[in-house]
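Residue numbering begins at 1 within each chain, and the chains themselves are lettered A, B, C and D in the order written.
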Amino acid sequence: MPRTKPEKGWRHKVHEVIYEADTPMGKWFDILLFILIIISVLLVMLESVKWIDATYHRSLFVFEWIITILFTIEYIARIVTIKKPWKYIFSFYGIIDFLSTIPLYLSYILVGSQVFLAVRALRLLRIFRILKLVRFLGEASQLRKALKDSRAKITVFLFAVFIIAVIMGTLMYYIEGEQAGFTSIPTSIYWTIVTLTTVGYGDIAPITPQGQLIATMIMLLGYGIIAVPTGIVTAEMGKQVKSNKDADDDQFVHVNTQACTTCAKEGHRDDAKYCYNCGSEL
Amino acid sequence: MPRTKPEKGWRHKVHEVIYEADTPMGKWFDILLFILIIISVLLVMLESVKWIDATYHRSLFVFEWIITILFTIEYIARIVTIKKPWKYIFSFYGIIDFLSTIPLYLSYILVGSQVFLAVRALRLLRIFRILKLVRFLGEASQLRKALKDSRAKITVFLFAVFIIAVIMGTLMYYIEGEQAGFTSIPTSIYWTIVTLTTVGYGDIAPITPQGQLIATMIMLLGYGIIAVPTGIVTAEMGKQVKSNKDADDDQFVHVNTQACTTCAKEGHRDDAKYCYNCGSEL
Amino acid sequence: MPRTKPEKGWRHKVHEVIYEADTPMGKWFDILLFILIIISVLLVMLESVKWIDATYHRSLFVFEWIITILFTIEYIARIVTIKKPWKYIFSFYGIIDFLSTIPLYLSYILVGSQVFLAVRALRLLRIFRILKLVRFLGEASQLRKALKDSRAKITVFLFAVFIIAVIMGTLMYYIEGEQAGFTSIPTSIYWTIVTLTTVGYGDIAPITPQGQLIATMIMLLGYGIIAVPTGIVTAEMGKQVKSNKDADDDQFVHVNTQACTTCAKEGHRDDAKYCYNCGSEL
Amino acid sequence: MPRTKPEKGWRHKVHEVIYEADTPMGKWFDILLFILIIISVLLVMLESVKWIDATYHRSLFVFEWIITILFTIEYIARIVTIKKPWKYIFSFYGIIDFLSTIPLYLSYILVGSQVFLAVRALRLLRIFRILKLVRFLGEASQLRKALKDSRAKITVFLFAVFIIAVIMGTLMYYIEGEQAGFTSIPTSIYWTIVTLTTVGYGDIAPITPQGQLIATMIMLLGYGIIAVPTGIVTAEMGKQVKSNKDADDDQFVHVNTQACTTCAKEGHRDDAKYCYNCGSEL
């Protein structure tokens, strides 16, 4: 996107780097941020491994502080450079960013606040922002479209699976009883889903002939109905492949990942001068 | 459906609320009933969890009685307001409704009658009546149609799977013997289906090299032939997607969930004046 | 098939009943035989269950003898009424029939000959002869055709899977070693196939981090490449659905299950007067 | 390929036998080599089985030496008869060939070098060279093409699966903790992938109700999204089936497996006189 207005202030410049990815600086910022996120996730992982934590506790702690400070700077920069900060703060990514930054500070006040470190893994979802930049954009959006179009069918399917699980789980609880591990109906429903989805841990397994007979039926059912979501998605994809051939990309306009400085909406056309959502100049 | 005949008695009005879902009252009744069903199923679940039953036994017992009384009223209302009660009583839903209501009464006469509480889970199937009202109608009926059209093929497939399981199960019984858990041919067949459907509990597993070799073949077979039901359903769905495009809904007439007061048949056209099944006025 | 030549001998008549299924008698014979086969398989199953064998040993023994005698009569009748007995005796079904009949006689000479009883399960395959008679004929042959057309692709696929299993299995043997259950390379390959096909018994499971990493890759591979046989069969079926629509059955000639009295070939046209294989009169 | 120039030296003749498969000698060489490879892999397998190694150690050792010497001769011949040996030595197959030959020699210097024997299994990949010669060529290349075309989509999919695994694994670590086997986040991620791919070993399984609830969601997710790779590959194959029908093979030129003596490139047209890659005479 051509940007020829030099009168824009430093906030605007920083905004462009942080929120957008269509300038070289913005691209680099996104990639660097993603590497930081990966390191932060790896840190949480390594800390969870007993012997690594025991041996390198000090180094991990230092790295943890570096990451936390960098994340804090990024978080403040994001708030400062956007015109409507609340939009960002209460957005999905805003909350994740906050929860990823806070644990270390909290650990001095609250014990057990390190549980929030798990939230950091969610920051990995930013990869999809970066993927937008590269050739996977089209592929990812095709997948998303196929999944979106088949959402209603898949909801009906999951509903049916869940009702089957409740009915069969209740039945198995009365047939098998506690000695086989079916200690309660919720546990029994858990087992039914483990069986229906063909996962089959084996931590709970039927031992009576009747229980094994019903288990067999649940398995065959699960083995058979996996065809349903597969059929749904495949049919959608087949349709898409066809319509893609028809369209051959000509009705699409290339959009970029630039976000409006006012309302933070993304997906503007490359030649857009004003935000399609709030009308403010880009 | 326009209903402008005020001369109809209270029975007819109650019938309309209970059996139909195309009036606001009927809709609310169905939704309320479904919430009651969910609560009743949750009660059965909670009672099965040891510590919850121990702590809240009294409250659960009271709720159980409230649910039972409400179900009793509903059951009586259903019988009273229909012209041919036996049609309802011996219908699939009629029997489920009866078995869902009776256990608490029976528990004073028969010990162990609480097993019938499991039947309540079947009442969850009423959800499909409610789904009819909303946008999932089309999706669900498409799924049902695809499954129905591929029923014959899937029957042949399940038959083949079952014969393979019997043959392989018998073979494995003689190869592995009791020390590996293959205690009898039925158990061995159970194991074969566990393996063929890729569930794989691991409660029984081959230990001899020959047994492991045959197990490997069964697995590869199961891994390969899962393609068959998937292929069947996908082909059917692909066909349907195509025919849907061709038809574009124009040969369909909208039907509603109103049930005939005489014969309880559903699926009348919106503009129907007489039951298509028994000819009595709607 | 019209049969108006009364001069044919008793052998021919018996042949028609035993080998063919297009006369009422032949149909009844096939159905009766299948019921007998099911009973014979059930007998073998029941004998394998300890407590049933202990309680009803005598009755099972008597039934076993009845079945054996009936099978013997059938076997002799099949040999006597066919013109070229060796064709039958050394055919697939001929050998199965023989091995299903012999065990009880052998048990007086050889100990352990009851292992051959397992062969009886193979007689269940006769169901496909009976299915030919009914509406599943078309469905079954469609399935068979789809599988046959995709045979070459599936062979290549299974070959690739097998090579992956050998490579990964060998690797895992050196990584995990004996303490995790990877006692030898064949066992390790067995584990790899258990994992790749997503069966996952859990009798053997990696315990080292490197082993778990490779296991993860094998799982994702298995999870991903299951798409391949599915894609193959689905594409074949989609093709078939299409060509079926094109053809609409008009290039097919109805064939029956009548077997030639000379060469035992089946699948003659309904209006056939001579065997298409050996030319002898039917 | 007609070869009528007798002035070519012995190197060229040997090259033709070793590197190419379009002469009778070349074909035989490839088949013989593959049998040798299978024997070499079987040897490694048998050595890993305790009791076989204990009983037949001497014979296995002798066979191992025979194989090693034959492989050594082949390796030297490959280097000598190619014009640019480094091309071969540092090619994928060159490295595998070297690592498959060296272990026995190394075992006199280095202890534990037998780990390299595992590399031999990779030599099995040569089967795909031989398959090129037969009718599976077309099938294999169709499969490869379908997988190649759907590579980008499958990468996006695996990426999404991996991020889900990291997020869910981290969550489960904090929910379940050590007593259930979730000893660290990496282990927890391993468990998530075991569950998501429906493998389900059961070596680690959730025991708390919350953990089981989330496990249930992971299973349903895994059960549902398996539709995605299947849909991708099926759509690609469907496309291919269609385009195959359109093309009917007429734009393809038959290529052979002859390798250029200078640059070792394969896939020349049957009527090629010069290498399409380096221009040297074939």
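Annotations for the structure displayed:
In this text, a residue touches a chain if its C-beta (ideal position, glycine included) is under 8 Å from a C-beta of that chain, and two chains touch if they have at least 3 such contacts.
By chain, UniProt protein names: A, B, C, D = Voltage-gated potassium channel.
Owing to the predicted nature of the structure, the values given are computational and were not obtained by experimental measurement.
Taking the definition of touch as given, a chain qualifies here only if it contacts chain A and chain D alike; those chains are B, C. Same interface as A-D, judged by over half of the contact pairs sharing residue numbers, among the pairs B-D, A-C or C-D: C-D.
Chain A and chain B touch with mostly distinct residues; of the residue numbers seen at this interface, under half occur in both copies. Distance between chain A and chain B, defined via averaged C-alpha coordinates, is recorded as 33 Å. In terms of their C-alpha centroids, the spacing between chain A and chain C amounts to 47 Å. Of all residues in chain D, those touching 2 or more other chains are 157, 186, 198-202, 222, 226, 230, 232, 234, 238, listed in ascending order. Contact residues on chain C toward chain B in their complex (touch as defined above): 41, 44-45, 48-50, 115, 118, 120-122, 124-125, 127, 131, 135-136, 139-140, 142-143, 146-147, 154, 157-158, 161, 186-187, 190, 193-194, 196-203, 222, 226, 229-230, 232-234, 236-238, 240-241. Listing the residues of chain D that touch chain B in their complex gives 198-202, 230, 234. Taken in their complex, chain B has these residues touching chain C: 152-153, 155-157, 159, 163, 166-167, 170-171, 173-174, 183-186, 188-189, 195, 198-202, 205, 209, 212-213, 215-216, 219-220, 222-224, 226-228, 230-232, 234-235, 238-239.
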